[in-house]
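Before anything else, here is the set of structures, which you'll find just below.
Look for subunit A in each of the two complexes below; its partner is subunit B in the first and subunit C in the second.
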Partner chain A sequence: MINFLKKLIYFFYREYKLYLSGFHSVLTMITFFFVAIFTFIFSIGPKDEILSLLGVGIMWTLFLLSSTLSLRKYYQEDFENGNLVLLHLRGFSYELICILKTISHFIFVQIPFLIFLPIACILLSISIDKVYYIIISFFLGSIILSCLGSISSSMNLLNNRNYLIGSVIVIVFSIPVIIFSVGLIGQYDNFNSLINILFGILLITFAINPWASGACLKLAIENN
Partner chain B sequence: MKFLVNPNRFNSLTDLILKPLMLLSISLMVIGLIFAFFLSPDDYQQGSTVRIMYIHVPSAWLALMTYFIMSLYSIAALAFRIPFGFIVNTAVAPIGAIFTLICIITGSLWGKPMWGTWWVWDARLTSVAILFIIYLIIILINFSFENRLVREKIVAIFVLVGSVNLPIIKFSVDWWNTLHQTASISKLSSPNIDTAMLTPLIIMTLAFIFIGILIAILRIKTEIYIRKQST
Partner chain C sequence: MLLLQNISLKRSNIEIFNDINLSLSKGKIISLKGKNGSGKTSLIKIMLNLLEPTFGTIYWKGKNIKKNLYSFYDQVTYVPDKTTSLKNLTVEENIKIWKKISLSDIGNSQITNILKTLKLENYIYKKVNSLSLGETKKLELLRLIIENRKFWILDEPFTNLDTESINIMEQTFDDHRKNDGCIFFSTHQRTEIGITDEIIL
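For the complex of A and B:
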């Protein structure tokens, strides 16, 4: 047990080092997010009523798009320099690697995003009482996006021809997430039922994720 | 039932039944179209547009059925190591995509005079559109990888993950309050539709099923042939 915990600590320490050295890519994603919000505001005009009406939807869409930018970083580097094989030889099963990778992706990529969200809310002139709901829905939704990203990026490890398909896969499967989490923000009476549905989606994806991406990782490592 | 999993048996059996199946499907299609256009009555509300249903409903059923078969074969291929499942997955995906496209197009042709709009974002329509996109992604994955062994397993995994969508499509009309009507025909209750309209619907469904099986057989045979050439 202690051995296992040591391994976990080692794993997260390594991930922390990796993401810290590559933090500029996370910053690039956040910059993309804000620049895209700017272009949206310029294209639909800076009227407060329209912005506060469309704001949540715009934020969710851009959040999704910018989280697909980081897909390539998910497993690809570790796969190419052989660290995944080493981790597996050290006693991590493929499924465990997927769960840990998902958690570390959530902590080191999505959490910085969540910190910057209130600024985006100010830019889109969303009223301050909505921010609480926005944070909750983005918190749950970003975990789901991490799981989906794990699935699609592990599917495309050996894909040299058409890597864009990974982003399409994430976007397709995140449609229910977007529907329920944007619906959650407008409605205060239905809040409990909608958040239950979102939580259900989270549990389903969290259950499917290690199985599907573990199988894909195994496939990629065996056929490399 | 070995022909369902063994390529050689599949080939020898389908060589026998290909021509009868072709005749059967063509004749059923002709009879069904005659029934649908001339022998079935107009609806008292929808008028003549109800005849679109005789194409719309079978193609929707077949779109779901194709995906269901694909997911069954994916389970068989991944869990029981039956490579024939990969062949079926590769061969059948475009057929499902075409049926979904027929379903969407006929549905919007019907929707313009009846609902007054080509498209609404209700749950049934959206989930079928997602099904179409999933079919497209499956086809695209088939073009993406260089290594065939990897590609077909990835497709199978993707099919299984995407099968989450199937119950959503089926029950969307019951779970949400949609503009699309609920199912008129189900096993548990007597059909909610008159016999004069049920007959062409059933004939057209059979015709669509046989045509689907026919194209699937041709595509699977081609796929088997390609794989035999490449190995």
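For the complex of A and C:
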């Protein structure tokens, strides 16, 4: 058991080193997010009322698009250089690899985003009382996006010809997440029920992710 | 200890190989030879249970390997034909990650000695993407020592190595065999290793 826990820690150490060495790509995603926000501000105009009305929707859409930029970080590199096989041979089942990769993606890609969210709120003139709800909705939503990202990027390993299909899958399956997350802001009476729905979606995606992604990894390694 | 029985593989209705029987046990060095596309890598993947054979069974310590998979993996080091080292990390970081993930108890002084033998000691703080193909291959093979397992399965281990490095590897193979280890490798090249069995696909 101790050895197993050590292996988990070392897996995260490996992921930390990998994300640190490629941190410029996370910064690029955050830059994309902010540049796109500025583009929206310039195109809509500087009126605070309009920005605060559309702000949460804009942030969610851009957050989603930025997340799709990181899909390649998931499995592609480890698949191409044979590290997925080596990790499997070191006792990590495909399902466990998927769970650990999803957690790593959340920690090293999504959390840096969450840290910058309050700045985005200021830029979009979103009132300070909404920031708390936005952070909760983005926190739950980003875990769901990490799970969906894992499924779509593992499916991409089976399809070398069209990498964009993974992004399309993430966007399509994220629609319910966006509906409930955006709905959460300003619906303070229904806050608990909407949070429960989001949490339910999170549990479903978290449960499906290892099996779906694990099966895709296994097939991709067999066919490689 | 590892027994492959009547292994056959078909892909897209084309027979890759048929009825392969093989046993890997202590003190054996088995080489696998064959033309490009003859299924050498596929056979290795079947041995590692990464690919399902069309027919046949693999046994590990008398049990079907599927029921005993992680016990088998605990005894195996696999070095594929491609570069698995993480290119954006340094040689030292790669070694540290391998050492930690495989829970190896090999000492740092031993690793330093091997790096000296392989003439990699000056590259320890350099990123892997700045190494030549031969140096990267030597780094890959270093994993055999770090992981310290009984079964070595290697896909084209001598590719990109110079004569001196091949000699060192042959000596390492021989030492491993004498220590009750077992080596299975595919190659195109002639080697001076005391091969106990040869399979031609």
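Keep this in mind: the second predicted complex is superposed on the first by the 223 of 224 C-alpha atoms of A that agree within 3 Å, B and C clash if a C-alpha of one lies under 4 Å from a C-alpha of the other, contacts with A are read in each partner's own complex, and residues count from 1 in each chain.
Please note the rule applied: a residue touches a chain if its C-beta (ideal position, glycine included) is under 8 Å from a C-beta of that chain, and two chains touch if they have at least 3 such contacts.
Fair warning: this is a prediction, and the values are worked out from it, not measured in the lab.
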Superposed partners subunit B and subunit C on subunit A - clash or fit: fit
First, second, both or neither for A:S43, with subunit B first and subunit C second: neither
Partner chain in contact with A:L89 - subunit B first, subunit C second, else both or neither: second
First (subunit B), second (subunit C), both or neither touched by A:K17: second
Which superposed partner A:C216 touches (first subunit B, second subunit C, both, neither): first
Computed vertex angle (subunit A) for partners subunit B and subunit C, CA, steps of 10°: 100
Closest Cα approach, subunit C to subunit B, once both complexes are overlaid on chain A (Å): 6
Footprint of subunit B on subunit A - complex, ascending: 151, 155-156, 158-162, 165, 168-169, 172-173, 175-176, 204, 208, 212, 215-216, 219-220, 223
Subunit C - residues contacting subunit A, complex: 45, 48, 50-52, 70, 73-74, 76, 78, 80, 82-89, 93, 97, 100-103
Complex contacts: residues of subunit A adjacent to subunit C: 3, 6-7, 10-11, 13-14, 17-18, 21-22, 81-83, 85-91, 221-222
Contacting residues of subunit B [partner subunit A, same complex]: 78, 126, 130, 133-134, 137, 140-141, 143-147, 149-150, 153-154, 157-158, 160-162, 164, 168
